[in-house]
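Both of the next two complexes hold chain A, though its partner changes from chain B to chain C.
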Partner chain A sequence: MKFHPLIRRAGAFGLAAALYATVAHADADTDLVKRGEYLARAADCVACHTAPGGKPYAGGYGIESPLGTIYSTNITPSKQGGIGGYSEAQFDAALRHGIRADGAHLYPAMPYTSYAKLAPDDVSALYQYFMHGVEPVDGAAKATELPFPFSVRLAMAGWNLLFLDKAPFQPDPAKSEEWNRGAYLVEALEHCSSCHTPRNALMAESTSQAYAGGALGAWYAPNITSDPVSGLGDWSEAEVVQYLKTGRVVGKAQAAGPMAEAVEHSLQHLSDADLKAIAVYVKGLPEIRDARDQQPGHSFGKAHSDEATLRGVAGVSASNSAAGAELFSAVCASCHQPTGSGTRDQYYPSLSHNTTLGRGDARNLVAVILHGVVRRADGKDVFMPGFGADSLVNPLSDAQIADVANYTLQHYGNPELKVSAQDVALARQGGEPPLLAKLPGLLPWLVGAVVVIIGLIAWLIGRRRKG
Partner chain B sequence: MSTHDRDGAVHAGDAPAMPTRRRLLIGVGLAAGSLALSGSWGRSALAQSAAGAETAQSANFLTLSHLLTGRAQLDARQGERLFAALSASDKNFAAQVTALADFARQGSFSDVEKLASVLDAQRPELAKTLRRIVAAWYTGVVGDGPNARAVIAYADALMFQPVKDVLMPPTYCQAAPNYWVAKPPMA
Partner chain C sequence: MSDNLSADVVVIGSGVAGALVASELAAAGASVLMLEAGPRLERWRIVENFRNQADKDDFQRPYPAAKHAPHPEYAPDNDYLILKGPDAKSYASQYLRVVGGTTWHWAASAWRFLPNDFTMKSTYGVGRDWGIGYDELEPYYYRAEVELGVSGPNDGTDLGSPRRQPYPMDHLLLSYNDQRFYDVLNANGFKLVSEPVARNSRPYDQRPTCCGNNNCMPICPIAAMYSGIIHVDKAERAGTKLLTNAVVYRLEVDAQDRIVAAHYKDPDGNSHRVTGKYFVLAANALESVKILLMSATDKWKNGLANSSDQVGRNLMDHPGTGVTFLADEPLWPGRGPMEMTSIVDHRDGEFRREWASKKLHLNNQVQTRHATLKALSMGLTGKALDDEIRYRSAHTVNINSFHDILPEPDNRMRLSDQKDALGLPRPEITYQIGDYTKKSAVHTHEAYAKIAELFGCREIEFSDSFAPNNHLMGSVIMGADPRDSVVDGQCRAHDHANLYMATSGVMASAGSVNCTLTIAALSLRIADTLKQALGKAS
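Up next is the complex of A and B:
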């Protein structure tokens, strides 16, 4: 076969162009995968989709929900155990609407109500990352088995009808570009409201109380609205950025528990511009104040020591009225210092001017005594041992934890707060269960009540017909 | 870390022999209570004035301690406990404090070194008391060796104060782990 030279030339050019396009496309893919990786970090997928000591994104992490343990899915691109067989549309449905490829509904432990706001471009980038940037791991993660009635996943269709807003994020043209970027990060990717907004009786986020603080097992995700007393109004933008990047602001607060995880896995990896945007948005959240709060959490307390009266007297006894002071001296003071002021570098932080002790809620104080702090951020490891049942230092009883918590609240924190041994026992069990979690026990009664009501209505109708 | 008997090694030998201030106060309180019940108001008043005298002596001890340690700031609660422990270890201690305070006042001493050298020459028994008081404030312990009593001050003992900005006594963290690889601040 013979071609006109011009055609041959054109053919060669075409081939070159095609080759060039492929290379450019590969570059575009790499960029997309990279962007997807950044977005996956911002969304902190790894926190829930990786079991302790397990392979990244292979799932199996048990999320202790009040309704039972929900195990995260394998979201590696393995066709056998993960989501390798998902099309982009199926990925989008799972991510943004909580519907798996097999049509089953996800539980909202997966924050798809937040991810619903993701921009289509970002969903594509995430899809590319999970298909091409993540190591496939075969073997499905442990299946979730919640008790009846929560085992009926179809119920989530009704829940979604009530609480899932499927509209992607709409920028507000009246606000700055930075504010809009912050809003997108906070509302969609970082899904801050999942923890910081309290939940209603059906465990959906209460929109009237957005970011006013919510319970999270034994922990409490505090109010992050711009209220100067209950929220972050008294924090500067720079302080919010520093907190998100390092997990601490001296004289204000330190991240522990789930927030330490969020800083470690997600927030500290964000660009400075993105962190600033988050701070701008958070500082502009509508103020919501808890009427019980009189002064900002970080404004309480001062240095105090009872060493002069305690040192050398007989040891701690449960009946001793000074038990809290003695426990403080024995188990807290070695790091937080006898005055409670922390070390000079504040690696071991001051207990006064510390929101953990000054807020209108002592749950985080009890949780931190029980579980300690583990946080790797800003190139440093921060560690506080827990004093719960599995403590390697000194397991304390409920009464002892209440004593020492009350002592520290009295001198270093909000003296109005009181912790009881019952509060500590509840925290050990993972906090107060919501009303819905009590449903399985109430179910026979509810069914009985419905039967009685139906019977009553039938009887009334029957009587009316007769009359 | 045990929450019990933190300073056990030091006071284990003779703890029961030491009437702590708390026990003393309870004793005085009980005595006053029972006397009041029996209607002996006069004797009750006597017991109260005894407690008052002890407080006054303790205050004298603190005033004297300011001179002996050369420090304007001393913890009054710590002073009370050191005085009680020193008194318990020596029944003449209170009288010696009075004598020492009188001697210092009469000689208008404002410097402990000078006072000590004069006492060494003229009143060796009071010089000994002076050194016992200074040692108690600096070490936080009353008595030596097998006769040592409870550790009354530890981190707050005066010997740790001059280096407090860079060094806390053992058992207390100074700073973040591995802080010791950096040179201490020179200021």
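Up next is the complex of A and C:
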């Protein structure tokens, strides 16, 4: 069936109007501010624009990027330190195109490539919220100082030319209203692809691998396509909603690291209807299979305990070295139980049937052991201590973490996976750096070489002309 | 190599006292050197040692004593402490010489002393006055509660020690066992309270909530319970240099009576010397005395800081008695931590002129081991054995107590002629428990009988002989008068302007509660004094 272009347009417009009208009656400013507040939650602005222990939106949160630490800015309405002097057009340019009021370019740590899809009405609501609903805080946040050549912000103009699609979100009239609302939330506000889509050599999202999973420092944002093995194919919609609302689904997975922050600051605050819409959209993402995956990540493992063989064999010792089974017993089993099955209420989750140990990738297991789990959702604290260098419970060495990770993988997770002490050392440093970050030492030389070559060609041409 | 080490502050001992001082001073920008006689044990190793040991009630066992820095072991007895006197066995104390100190295996009870505990002589005409009052210490008590992470009854329960701020954390929900006791005892004229503890009731200071492993002693496997190692780690991360296996055996004093150096032996017996501007002796109440006495010179014939001849005297503890019986209802001790509630109706009052104050506490340790040993001794087998174990595990009640004791100069520690592996003298202790305490214990016995009656008791067994409770106090006693005390109100040696003592040894009364929070508060106060002295106060 083919629509007349005009009808199609009207249809799309009507659909769009319905989508964006989640908070009714924007006739009073307070309603608009309230809508903006909801949208700001959905966009999770607070997560990056608030320093630990700092005032909301006052910036200064250090985002560890492979290129160096990028500090978020003060986006409170303070004229002195924040964005109080921004017009709505300037706000829009920053939000959707990554250009500050002074004309300088933002780094794409600010997910403006996602926010570019925001509807103009929502940009207005967000502007109203940030001007009238947020407490102004004077004082600029700590400035970002990346090393050369990344310090040249103008370079982002070229990057934007390649990777920034400035078109706002266009609803697909062939899909349901719910799907479209989900698409808008996922693609624009929640900017899910920022983490779940792998990045190419120039740090842009690789569109051919959309939502197939991407590295995030020491963490790994998993495949959330509808593939039944690598992705969320065999999760029900209700399970996806529960995960987004509480950060966990018993027998499948739990949110840690950056995803725990997304649940805590943003997702748990969304309306049930919006969470359902996200689930509908995510469940419809095109399947992408990771060739390494043979079975779903949550299908591995079973209860296992070595306690009976340990006791009576291992004695009392003053030595601080031991093998995986003993480390597991001492470090993990006090909460996750000697069988690794967790507690009956699963507050302490089972290690088997747990995607952290079951995927084709052990990065999240290592990251969880190093950094623990901190998540406040659903009115409850979930906390697992980390065992990294800053641990106040028991800092473990690279070799110890590798030993305990391999023990748990062997018995409770994907036994094909192996973790080495080097993997742990790398995770401590924030994970495998991307190609671009390995280049900075080389880049000035490359640029220099190109300039020299161009100069040489020009000289040759000049000589020929003369000759 | 390390002979050349020098620092603003040299801290001797890495338990809760030394670690708090080191962590505070290092964070303020001072250079700090911390010397620990024993080795570093990782938490996981201690947990595994506990799980591998047969006798779960031997709290020293998971911490094997180092040959060069022995600490008391009783199963088998290593005779490290040489005990003499009529009540020698009642001072068979446990303490640890390892990085982090003895709070690795405490019960985490984090009580404040009562205002009257500081003025026993002037209020009740017995014992001594500290020379400082509760009010001076109150802000430091709170800081200690924040540093250690104390959870307590924020519901208005009056524990007799006035407080300006609520506990940093609310208390944990009582176990069923403790809740039943709470209900029954408070309805029958006793005052039973949820006790303040340095144990997480929510995630706090990067450490998890208690999940009820029920082996706080000898080791919390998840660090939900505070231990001195927490501030050792913080001190090191703030820049403190920690030397392990460094057995200090002498403080060197100059002509102006200032301490100029600490001498230590490594495990091979080689001597080393470190220097500093200030010295903090935080090596526990007995080992600190040992160092002072070993440092004797021609001028300081009785040892350093000892012009009063009080170093090593006035030894106190909390002599304990107990009772065990079978209740007529299942109480199932063992859920949650090992101790949660205390009976506090005789912590203060005019009676203290005549007999000792005290605190009674319900044991919430899981009883399966004792139940099994008893059932086996009854010759049972098969289902009868299982049933008996189950019954006893559910119905066994055990209550223990701390009694106050007066500081008596004759209760003392001296250097023995017997030496350890490094050739250093062992502590020799003479101890006698007086009538002041014994009178109170008779009253405690009656209270036990009443409580047992409330629970329809069977098989009641009293333990009336005094047990040690490892709260070693009085050995470097605080006082206003240099002629009869070792340190002043700032915990500074009367005799040496740059020597401070961060230990329960300074405590001039024993009161009726665990002494760790008071040690922590005094240590934070020492840290403040030294920050001022070093110009590092913020």
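Methods note: the second predicted complex is superposed on the first by the 409 of 467 C-alpha atoms of A that agree within 3 Å, B and C clash if a C-alpha of one lies under 4 Å from a C-alpha of the other, contacts with A are read in each partner's own complex, and residues count from 1 in each chain.
The criterion applied here is as follows: contacts are C-beta pairs under 8 Å (C-beta built on N, C-alpha and C of every residue); 3 or more make two chains touch, one makes a residue touch a chain.
Computed from a prediction, not measured in an experiment: that's the story for all the values here.
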item: Contacts of A:326 with chain B and chain C, given as first, second, both or neither; value: both
item: Partner chain(s) touched by A:390 [first = chain B, second = chain C, both, neither]; value: second
item: Partner chain(s) touched by A:162 [first = chain B, second = chain C, both, neither]; value: neither
item: Partner chain in contact with A:374 - chain B first, chain C second, else both or neither; value: second
item: Touched partner set for A:311, first chain B, second chain C, both or neither; value: both
item: Chain B versus chain C as contact partner of A:291, first or second or both or neither; value: neither
item: Which superposed partner A:334 touches (first chain B, second chain C, both, neither); value: both
item: Partner chain(s) touched by A:344 [first = chain B, second = chain C, both, neither]; value: first
item: Which superposed partner A:143 touches (first chain B, second chain C, both, neither); value: neither
item: Chain B/chain C common contact set on chain A; value: 311-312, 314-316, 326-327, 329-331, 334-335, 348, 393-394
item: Chain A residues touching chain B - in the complex, by the definition given at the top; value: 305, 307-309, 311-316, 326-327, 329-331, 333-335, 337-338, 343-345, 347-348, 380, 393-394, 400
item: Chain A residues touching chain C - in the complex, by the definition given at the top; value: 310-312, 314-320, 322, 326-327, 329-331, 334-335, 348, 374, 381, 383-386, 390-396
item: Residues of chain C touching chain A in the complex; value: 39-45, 47-49, 51-53, 61-62, 64, 66, 202-203, 205-209, 211, 213, 221-223, 230, 233-234, 237
item: Interfacial residue positions of chain B with respect to chain A in the complex; value: 1-8, 10-11, 15, 20, 22, 75, 77-78, 81, 140, 149-156, 165, 168, 171-177, 179
